Structures are given as C-alpha cells and as structure tokens.
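Each of the next two complexes has chain A plus one more chain, namely chain B in the first and chain C in the second.
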Partner chain A sequence: MAAAEEASRPFAGLSDVSISEDIPVEGDISVPLGSTRRDDEFSTLDEPVKETILRDLRAVGNKFVHVLYPKRSTALLRDWDLWGPLLLCVTLALLLQGGAADSDDQGGPQFAEVFVIVWFGSIIITLNSKLLGGTISFFQSLCVLGYCIMPLTAAMAVCRIVLVGGSGTVSFAVRLAVVTVSFGWSTFASTAFLADSQPPNRKALVVYPVFLFYFVIGWMILTFSPSQ
Partner chain B sequence: MASTNDPFQFQEFEEAGNLLEANRDAVTISIEDDVKPEKQRKAAGFAPDGEDEDPLAGDDKTELLSGQKKSVPFWTFEYYQKFFDIETHHVKERIIGSVVPWPGKNFIHIYLRRNPDLYGPFWICTTLVFAIAISGNISNFLVHLGKPNYKYTPEFRKVTIAATAIFSYAWFVPLALWGFLLWRNNKVMNLVSYSFMEIVCVYGYSLSIYIPAVVLWILPYEWLRWCSIVLALCLSGTVLVMTFWPAVRDDHPKVIVAIMSAIVVLNVLLAVGCKAYFFSKPEPALQLEHSAITAAIKATAST
Partner chain C sequence: MADDTEDVELDFAADEQERARRSAVIRHPLASFFHLFFRVVAILSYLLCDWISENFASCFVLIITLLSFDFWSVKNVTGRLLVGLRWWNQIDEDGKSLWVFEAKKTTRGNNIGTEAEARIFWLGLIICPLIWTFFFFTSLFSLKIKWLSLVVASISLQVANLYGYLRCKTVGKDGLPPDTHSFTGQHLLQRPDIIFGIL
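And then the complex of A and B:
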C-alpha cells in the first residue's frame, strides 16, 4: 500500500479524481443554486433595451468620475471600454469645428485631423509603453488615455463659452488658465493609472509621450478661434 | 475506497510512475547535452575570462555582458522590443552626449555600445516637429502683433509639413549613408562599420539640440536666430562628423571629403530650410509697399 502510494506520487492529484461508489451519480442537477441566480441577474436577453443602455452609460459615467478624482484605483483598468474615448473624441472634434478660416488651408485642425491625432497618438503611446516592457494590455492603455482626455474636452467647452463673450486679452488669459489646469489634470490622471505598470527606471520614458500628447491637444484647444 | 483496493490499478500506477521516472531522467540529460555546447561556445567566444567561474553564473554573465540578443524575425513584437530596451538614465546620457561633442569621443562607441534604441530618435523627432510648428506659429503671431488687419490662425498644416521634413531627414539620410558605407566597405576594407540602426540612432539624437534652438526662435530677433542656428549646427555637425570619421578614414580622400560635406550640407539644409520656411519674417516695408500698391490698383480700378 505504502509502496504503491510512493510510486503514484507523480499522479497524487489524479488519484483523488476517481468517483467513489458512495456518492450517487443521479444527484440534484440544480446544485449550484447561487450560480443560477447570478445567471438570472446578468441575463440581458429579456430585459428592456433601455436598461441595457442605461447600465452601459452608468459604467461609462462611473469611469468619468474616476478620471475626475484620480486615486490609484484599477477601475479603468479592470473592465475597459472604448465608448467613453469615442464619445470624448467626437465631442472634442465637433467642438473644434467652425474655427477660424475653415475654407482656407491655414486654419485649425479639421474633424478628421483631430480624430487621427487622438487615436493614432494614443495607439503610438500604447505601443511605446508596450515596447518598453509595460505590463498593461493594449486596450487598457487605450481606454485610460481616451478617458483622460475628458478634462481637456471640458476645457474646450469652457473655451467656447468664453469665446462667445469676446476674444480679447482677458479671454485669452482665462482660456490659457483653463487649458493649463486641464492639461495638468489629464497628465496627472493618466500617469496615476499608467505609471504602476512600468518598471521604476523607465517611468519617465513612458510619461513623457503622454505629456507631449496632452500638450498638443491642449495647444489645439488653446489656439482655437471661431470665425466671425 | 474501491479504487485503492483494486490490484489492477495499482499495477498500472506503478508502471506509469516507473516509466515517468525513467523518462524524466532521459529528458534532463538530453537538455543538459543541448545546453552545454552553447554555454561553452558563448563563454569562449565573448568573454574568455569568465570561464574559470561557476559555469552557470558565468553563462548568465557572459550573456549579459556580450549583449547578445536572441535573433527573432522582424515581424514579431520581440524584434522591436529590443530597440526599446533602454532606461531613463541611458536616454539622458545619450542626449547629453549628442549635444556636447568631446574631442576623440565617438558617439556610437561610447553611448550606444551595440544597443541602438529607437525610443530616442522617434520621440526627439516628434518633439521637434511639434516644437517647430508651435513656435513657428507663436513667432508669426508675435511678428504680426498689433497689426490691425491681422487675424490669428493656428496654421495647423505646418505640423504636417514639419513632420514630413523631419522624419524624412531622420530616416532617408541614414538609409542613404548606410547604403553608401556598405558599398564603400566592399571596395575598401574599413575597420569600423556601423549598422543601419546605429546610424538612425545617431541622426535621431543629433536632432535633439534643435529643440531648444527652435524654442529660442520664437523671439523675433534675427541675430538671435542666426546665432542659435550656427551654434546648433556646429554642435550636431561635429558629433556627426566625429562619429562617421572612423568609418571612412581609410577611404580615398575624395570620398572622405564628399561624404563629410554631404553630411554637413544636409544638416545645414535642414536647419536653414526650417528657419526660412517656418520662421519667415515678412519685411514690414515690403508689406506696406504691397498694401500701398493694392490700394493704388483699387483706386485706379474704381476711377
């Protein structure tokens, strides 16, 4: 007996698998009661469409709150989505329309240019952090970078409101202050989420492109001047 | 338990265990056989003085010291990962090394040490693109400040043009240089030969001096701009010339002169071209004259 057990040590895990005759095979099929209830809860087949949309919107809004109050949580990393970034990017690009001299080609960025800068910029930053040996996944990083544009989008909305009042020196000073604050906020929030995924002696190398990315977006927002 | 009392199952387990035992030994032996020659080859080939140490530790050390990378095909992610195998202090050292030419110091030999990176060149080029576009725009604004009929525009197209100019300089010039050096290497045996990535890396880092220079160009003083251009050209040109000097030293004098002047002329072209295109200072007198002429034309047309 003992010798046999010695010999079967490599299969120690397997030897326990054999079904003993004591346990009746025809058991209660609905044994995992808890899991069935959870299935009911998460079943989206028979719920109203409104509820589905509201739940997703709530998830997006929850992430917005996390960006506004960037404590080192993993909410943005745990379940990423790209709805928020898409929403923010489209809003930003739309708000940047109608700028000075849309007709001649010396004007501000077009819709497509904003779109390309935001998406390709975040893709390049993500690739950069992956190549430097980051532990974060591709879409997690895209999600964080996209959500952290939110302060800058808010700054764009404020700038448009300020520009309605006029475009003198005072309005420029106000816009500069708003854009600077939101730029700092964006950079700080995204680093709070992203920096932990990097080895400490490479943190600066990952943070610098993020800084440049938000700086360029901030510049686009600051130099926006509507045509009259 | 029924299963443990079954003698037949016992037998099977024992046999399987024995088989596995035997197999395991065989496997380990075969692994060691495979590994040993490689170890010896590495130790002998790259660091002969590491041989008298513990073979395992020596193997690790030689692998680290020689900087030998596993060769992976270029379509995999790992292939590009080795160009980003760099830390913050390396980047700082390289930027400083590319800005401050030290007599007799070769940038590639001292700073790159067979580990050229793409991080520095890429982000230095990107920074330079946005620095040129943004400071060109600000300087344009400062020049026209106070003019009544001036309407500020962000001039976003400048980013595209600057990106095209800078990135083509930072990629095509190294490509041409690499091809040329390869061709000369076939004709004349040179002691030093550089890989394509090393040349790209040198060119990328040599652009870093232009970033502060470009920011200085915001101030609308022509003398300041020319001073900073000359200074930046001297520094980056010296680093480039000193780096490529050993690679062409044994060549024909005519070829040396041609290649060195090509390197310097292209550098000057980039700097002066950027200055002329993005920071063109429209002559106030000319502008006035122009407006006077248009006014005169309008006046004559109306009468």
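And then the complex of A and C:
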C-alpha cells in the first residue's frame, strides 16, 4: 500500500527541498525564436514608419486637445514628447518675426531670442520645481510647459490679424484682452497638470515662475509692433 | 581553414534569397542612407546658409527640422535596424521615470546589420556631434551669438542619441542589468533574447 502510494507520487518527498540562495544556479536556455515579431514590423521601411508617424501625430494632437480643455488628467504626463513644444516654439518665433525683427532695431525679439527664452525658461522652471522636491521628471515638465504655450501662440496669431486692421487704441484694447485671457488660460492649464506633483506647502513657490514665464511671453506678444 | 572542433553553420532550410540577403554587405540600404542623410544635409545647410537664404529664421527652422527628423529616425528606426540597439523612456504607474536601454543578442537568423552597416552607424553617430562642437567654437570665437543658439540646439539633439546608444552598447557588453532587484516591470525580464540595462 505504502509502496504503491509512493510510486504514484514519485516526487512527494522532495516537496520541502529548496535550493539555498547562496548557491549560484546558472545555465543557458536558448529559445529558438523565429524571426522576431518586432523585426517584422520594420522589415519594410515604408509602411510601418508611416504607422509610427501617424501614432506620434495622434499622440501630439491628443495633447493639444488636453490643453484646450485642461482637466486634472495624466495624459500629458504619461507619454511625454517634445514635438508639440518644438512646433509651438517655431510657430511663435515665426509669428513674432515680421517687420521689426528683420532690421536690426530693437523693435521686436529676434528669432533666436524667442527660442532661447522659451527653452531656457522651461529648463529653469523645471530645475526649480525639482529642487523644491517635485516628483515630476525633467522631460515631463518640459512637455507640459511647452504644450501650454498653445493659447499664447493662438493669441499671437489673433494679434497679427488685428494689427492688419490698424494699430490704434481699439486694436490695443482688443489685443490686451486677448493676451490676458490666453495668459490666464496657459497658466491655469499648466498648473492643472503640474500641481499634483508638488508638495502642498510649496505650490505657490512653484507656480510663481510659471506665472512669470507666461507673463514674459505674453508681454512679448502684446508689445509686438510690425514695421511701418 | 576551420579546424575540426569549430561548428559549421548548415543552412539547409535557407533559400537563395535568404542566403543572398545574409551575405550582402549592406542589408538595409534605405536605413543606412537615411541615417546619414539628415545629419549631413543639416551640416551642409549650416555651412551654406548664406547661399540658401538671407533670412536667418528660415535657415534656423530648416536645420532644426532636419535635425529633429534625424533624431527621430536614428532613435526609432536606424538604431534598431542597423545595430539592434534601442533606448527609450517610460513612466510607470507611480509616475517614476525609467530609462530603458536594450541590446539585441546576435543570434542566428537575425536581421540586424552587417559590419559595414555598424561602421556607418557609429561613424555617423560620432563624427557629426564632433563637427557641431567645432562649429560651436567657431561661432563662439567669431561672436556670432545668434548662430550659437542654433549650434547649441543641434549639439544637444545629436549628443542625446549618441549618449543613448553608447549606454545601450555598454549594456550589451556587461550582459547583466546593474540592478535587477529594484526594477518593478517583471514582464520585461521574460524576453530571453534581449539584454537589458536599466538606469
């Protein structure tokens, strides 16, 4: 009886044997895979690259929509990318050109200045928030700050259109209103995304540089005057 | 002559096309071309910008666009095809950022590049940042400050890819990830054909 039982469960006696962790167990298992699936994705260069591009474009568009309707979501933070900020920066710099920047007067910001202000400013704000103990990563913060420039870029486009009509008091009032609204929108959107990652008693210290950053950009937009 | 103890690869199953592909000098001509194309055209545009357009802004935008395309294609396409290396950043559920560097083991039947392609890849990756560093010093000492901003942007884009791939390369050499216990994504460790290194 006992022998039969033992025969039916041949490894029963080994149930409490374990390998001590001091003994290094090593070996080599090579699993013969066929051509891996991921290689197949890129075996023809054309089709899958198009899909990758479309996927990236869709991700960028999705983030733009999230800036338009800022709610406390993690979409901007999880998959960061810097395409949107680059595009917005280039658009803003091109719109801030025109007229006064072509001649070398101090009429308007030079092209490279806009780039330097936007990127250098974003880097400084990110460093500031990290030094204050924020949990957000460097590139995530750059991503959020860059994408939230979108309302200000839209305001710049509107201002250019208004300036075509004339540059009197009325146009200044309209431009002031538009820039103020978009500045508030940008600041609100970026704090909606960044606020969660900061320690609670430091929120004002973190929001203040963001406020200043968008204020400077708004100021550049408002004081833009085309060459006569 | 191979001595008697060496293994000889017997490929009865491979057909003519497969064998031709494996013995070709360059397996991915399109990827090799594009790896070098954007970088070289960006450098040439920087040197010839006065002939292209008088406007500084259009030259700036052109070079930054070319280098962005170059960054994307080297990071996502040519690195994987030519040398089997890949690197990326992912945010896990806790919000922590994780840099992953991946190197493919050279097993048989893999479609990674040949030696010529690897040479093209690394030479392109290393020489172009050196050229841009040279441009940094020439623009610094000739006090063309607005070009300096462009050169700094270019250097950062090119060096980012160089650094990423160098880290992939050192991961490949070590074989083992430096700190397996702290890594939370267990599912990634179940792929046997990939060696990982994790920041």
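Here, the second predicted complex is superposed on the first by the 173 of 228 C-alpha atoms of A that agree within 3 Å, B and C clash if a C-alpha of one lies under 4 Å from a C-alpha of the other, contacts with A are read in each partner's own complex, and residues count from 1 in each chain.
By our rule, a residue touches a chain if its C-beta (ideal position, glycine included) is under 8 Å from a C-beta of that chain, and two chains touch if they have at least 3 such contacts.
Keep in mind that what you see is a predicted model, and the values were worked out from it rather than measured.
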Touching partner for A:R78 - first (chain B), second (chain C), both, neither: second
First (chain B), second (chain C), both or neither touched by A:G61: neither
Touching partner for A:L131 - first (chain B), second (chain C), both, neither: first
Contacts of A:G165 with chain B and chain C, given as first, second, both or neither: neither
Partner chain(s) touched by A:T223 [first = chain B, second = chain C, both, neither]: first
Overlap of chain C and chain B interfaces on chain A (superposed complexes): none
Chain B-touching residues of chain A, taken from the complex the two chains share: 1, 4, 7-11, 15, 18, 20-21, 99-101, 105-109, 113, 128, 130-133, 201-205, 208-209, 212, 215-216, 219-220, 223-225
Touching residues (chain side chain B, partner chain A) in the complex: 1-4, 10, 13-14, 16-18, 20, 77, 80-81, 83-89, 91, 119, 123, 126-127, 130, 134, 137, 151-157
In the complex, chain C residues that touch chain A: 28, 30-31, 55-57, 60-61, 64, 68, 72, 76-77, 80-81, 89, 91, 95-97, 107, 109-111, 146, 149-150, 153, 192-193
Residue ranges of chain A in contact with chain C within the complex: 29-31, 33-36, 38-39, 42-43, 45, 49, 52, 56, 74, 77-80, 83, 86, 90, 93-94, 97, 102, 110-112, 115-116, 119, 135-140, 197
